[in-house]
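Since the structure comes first, as structure tokens, the remarks are kept for the end.
Here the chain labels run A, B, C and D in written order, and each chain numbers its own residues starting at 1.
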Amino acid sequence: MLEVELSNLRLRNPIMLASGILGSHAGSLNRIAEHAGAVVTKSVGLEGREGYKNPCVISWECGILNAVGLASPPAKEFARELKMFNGACPLIVSFFGSNPEEFAELVKIFDFANAFELNLSCPHAKGLGLEIGRDFDLVYEIIRAVKRNTDKPVFAKVSANLDYVELAKVCESAKADGIVAINTVRGMAIDIVSKRPILSNVSGGVSGKAIKPIALKCVWDIYEEVSIPVIGCGGISNWKDVVEFALAGARAVQIGSAFYYSYDVIKNILEGLESYLRINGVSFDELVGLAHKR
Amino acid sequence: MVRHCDSIATLVFEKSIRSYPGQFVMLNVFDYEEIPLSLSSPNSVTVKAVGETTRALVNFKGGEIVGIRGPFGRPFSYSKRALIVAGGIGIAPLRYLYHWLRERNAEVTVFYGARSKEELVFLDEFEEVHVSTDDGSYGYRGNVIQLLIKENVDFNDFERVYCCGPPIMLKSLYELLNKKKILKRAEFSVERYMRCGIGLCGSCVLENGLRVCREGPVFRGDELTF
Amino acid sequence: MLEVELSNLRLRNPIMLASGILGSHAGSLNRIAEHAGAVVTKSVGLEGREGYKNPCVISWECGILNAVGLASPPAKEFARELKMFNGACPLIVSFFGSNPEEFAELVKIFDFANAFELNLSCPHAKGLGLEIGRDFDLVYEIIRAVKRNTDKPVFAKVSANLDYVELAKVCESAKADGIVAINTVRGMAIDIVSKRPILSNVSGGVSGKAIKPIALKCVWDIYEEVSIPVIGCGGISNWKDVVEFALAGARAVQIGSAFYYSYDVIKNILEGLESYLRINGVSFDELVGLAHKR
Amino acid sequence: MVRHCDSIATLVFEKSIRSYPGQFVMLNVFDYEEIPLSLSSPNSVTVKAVGETTRALVNFKGGEIVGIRGPFGRPFSYSKRALIVAGGIGIAPLRYLYHWLRERNAEVTVFYGARSKEELVFLDEFEEVHVSTDDGSYGYRGNVIQLLIKENVDFNDFERVYCCGPPIMLKSLYELLNKKKILKRAEFSVERYMRCGIGLCGSCVLENGLRVCREGPVFRGDELTF
């Protein structure tokens, strides 16, 4: 009832861990893999990155605001950490980089992964993420380079802060196997006592409930324009949100900020989702894109 | 601001924080960094200068504005007969715990080890306290685990053992309590590098996947491996 | 303490009513004008517009989602309605249109207004709003055409769904007197029982608390790049939000969705804001942009 | 679904809505439009076919799914001795009010006017009811205000007068009560075109700036002008 296929990747359920959340250590990935359809690691590049100083993650009324700055160990060190992954579900490794060569090299280092996600959307790292995603020609070259080095599925994670429909089309033409929409949305907060931006990096990315309607719209739009799978991400906190995203066209979803509420969020979502599907007499697959049909 | 010695100080906040002993706050030292600090009372943290940010904090004059998020994390639990084992600046959350337990009519025995006499803080606040220093400048010369063994403490006299201190000390105590088969009755406050403090970034996860900032910082001994 | 100047427009306080909220009738404008620094009317075009069918406005966990579709009477009819405005504060009339001539004509019809706001950002009307705002050359021509017909201040309201910094620069070069940032952000919601989009127009614009950090970032960015006043709008619900926007660079702010919580929201904000300014010993003017200084 | 006549029907929901009499819901008739409707009980609305959407509703068979937002708006208030004056489909919220008051031991007198006998609904539910029809097919021939005057009702017998009906009727009653100087003791349920139902769009504001969806739909007589 819950099984889905993303290109040649078969998942027992459509609920994935989103990149950037609890994805730096095998310990947390192993725990989440018990229930998740797949886990996506924190983004890694060839070289390690310090990231930004604290505070780099804060919670606010309607979600989370972060500018961690792609803090990560060097690729080879992270590969060693991921060797301790228990394999309870497929492992998707997320990459950042600034040119096709870097991405292509990363694929080789993580050849044991089940799929790859390309971070074209992190909103707060200079020369990476969103800044790469803005250059559609470069995105095309990156995906081509990665695909030449692997037969495993390659997903592109896009931002709502640019023309994501056009970008998704470019990704599809480069033979990406799916679009993950969306990453965090640019935002910031200011402390009115000290009169300064709260994040050490001044601005960062908004996630959590606040961006759910925004992400849903992106999924809807991309689903209308490309035929490769869309993976929904952004503010999904419960099974109802998952259903909304499926109806909008998401073949799978990713859960991030909702881990703030509970470490068991994926398990809880699966319970509710199964009930909904049973009551409605449909499989998850049949829900996908249903709200587009009149 | 209470300056205990050159490297240790207690910062007293203007307002108390609704909290339990063992919980921590993310304290933002403007122009430096935000760092996790265990509360040493509902309205204070006690800091040792080990890096740039903690050095800046220890040098505060009083009246400075800091940013505070929290309190976060799972606190210590109550027991009627308590043994507290503190190493170095690990005394901070245990001092909060001590007063919290005493106010609730618990019997509390404190074992407290530090590098030297100078770094022993809050000493006069404890009724029954056994002290060790590495340099022998006060109490037993040696570490606090050696002192526990030397004094031949019978752990069965205590309902619960509470512990906070440097990793090497936690490890020795863990092994000792493991041998005595009372890890279930022990609570360790664990330290890890933290970014978010709210269970998301994953910086502080233990090998078993538990998050120090959410499932911890206080863990039952049998939840841990060393 | 609260007085601000926007070009040659003097306001007794910086809290304005945002366009699209309670701005269709003199009755509500008169009531809000008792406390507001200025009121902005609902956007009006030369011809009347039906707007979209209901449901066109819904509230959700973190704000409001709407696709009213610029429903409005014809300009001349609306001008008659606005003649009943009590003048308790300056009146700013908001315009939509699809070319410079329409905007220029509208200025003449509403020559009794104290200032004008150009809607370059409504996210759900074909050929209007955001679709006009995307064409920077057209925006330049529109502002020039309007400015030729009036000496009163002309503000341009921009969207977060495009390169707002570039657009703000274009507006400045066309001699606009201020930038209003931001309009609602594109978003949608789906009903999981009927399995359809909730808004009759499928998608709409997100406002309310959800978009506050997004709007704040836009104000921050625009403040860094242009020297004309920035007017903050987006998710402002209380005096603390107003202070945040001022620190980010907003010389005035607009309140919209927060009228969902109380008709007296502006009065309540003014009380809190005054206390904050008194305690901090600063005027509102002195707060503006303060968080940019290190 | 209860079909009262060709043009009027009561839709019963599967679930009751926590609400007070006088409040309304925004009811979304899929493929048509979302419209505001006063509750005629905690789990029903009573609709008259006047446009495309209400016609579709009245023709429902039962079992259809509708979208509901609400309840919204300010309800009627309680009184011990109540006079209800209903015109046409205005009976809907007043029927809810009637039962609500009766359950709370109020004495309630109902004056109810409709176009014809056919359009009189819920008539058997009221204990003391005075009826008029425009065509004289039932009760007094004329409108309900004329009936009030004819029966020489002493408004001082009542603590409060509740009213809902077409604009022309509200206006006559308003003028009548104004003459008697008891507008303060009257409550009018007012209808306006609504979009959002939550106080934002401004479609339903009265000349004095009050929003029918938030400060209303029930207004005290002295809050209104006609």
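Please note the rule applied: a contact is a pair of C-beta atoms (placed from the backbone, for glycine too) under 8 Å apart; a residue touches a chain by one contact, two chains touch by 3 or more.
Worth saying up front: this structure is predicted, and the values here are computed from it rather than measured.
Between chain A and chain D the centroid-to-centroid distance comes to 52 Å (mean Cα coordinates, whole Å).
Spacing of chain B relative to chain D, judged by their CA centroids, is 67 angstrom.
Chain geometry summary: the mean Cα position of chain A and that of chain C are 33 Å apart.
With each centre defined as the average position of its C-alpha atoms, the distance from chain A to chain B rounds to 37 Å. Looking at chain A, one finds that residues 196 touch two or more other chains.
The touch graph of the protein chains shown is a line. Chains that are in contact with each other form these pairs: A-B, A-C, C-D. Touching chain B in their complex are the following residues of chain A: 20-32, 42, 51, 53-59, 64, 66, 68, 71, 191, 193-194, 196, 198, 200, 256-257, 259-260, 263. Considering their complex, residues 26, 28, 30, 32-35, 65, 67, 69, 194-203, 205-211, 214-215 of chain B touch chain A. Those residues of chain A lying in contact with chain C across their complex are 60-63, 65, 185-190, 192, 195-197, 202-203, 206, 209-211, 213-214, 216-217, 220, 240, 243-244, 247-248, 276, 287, 290-291.
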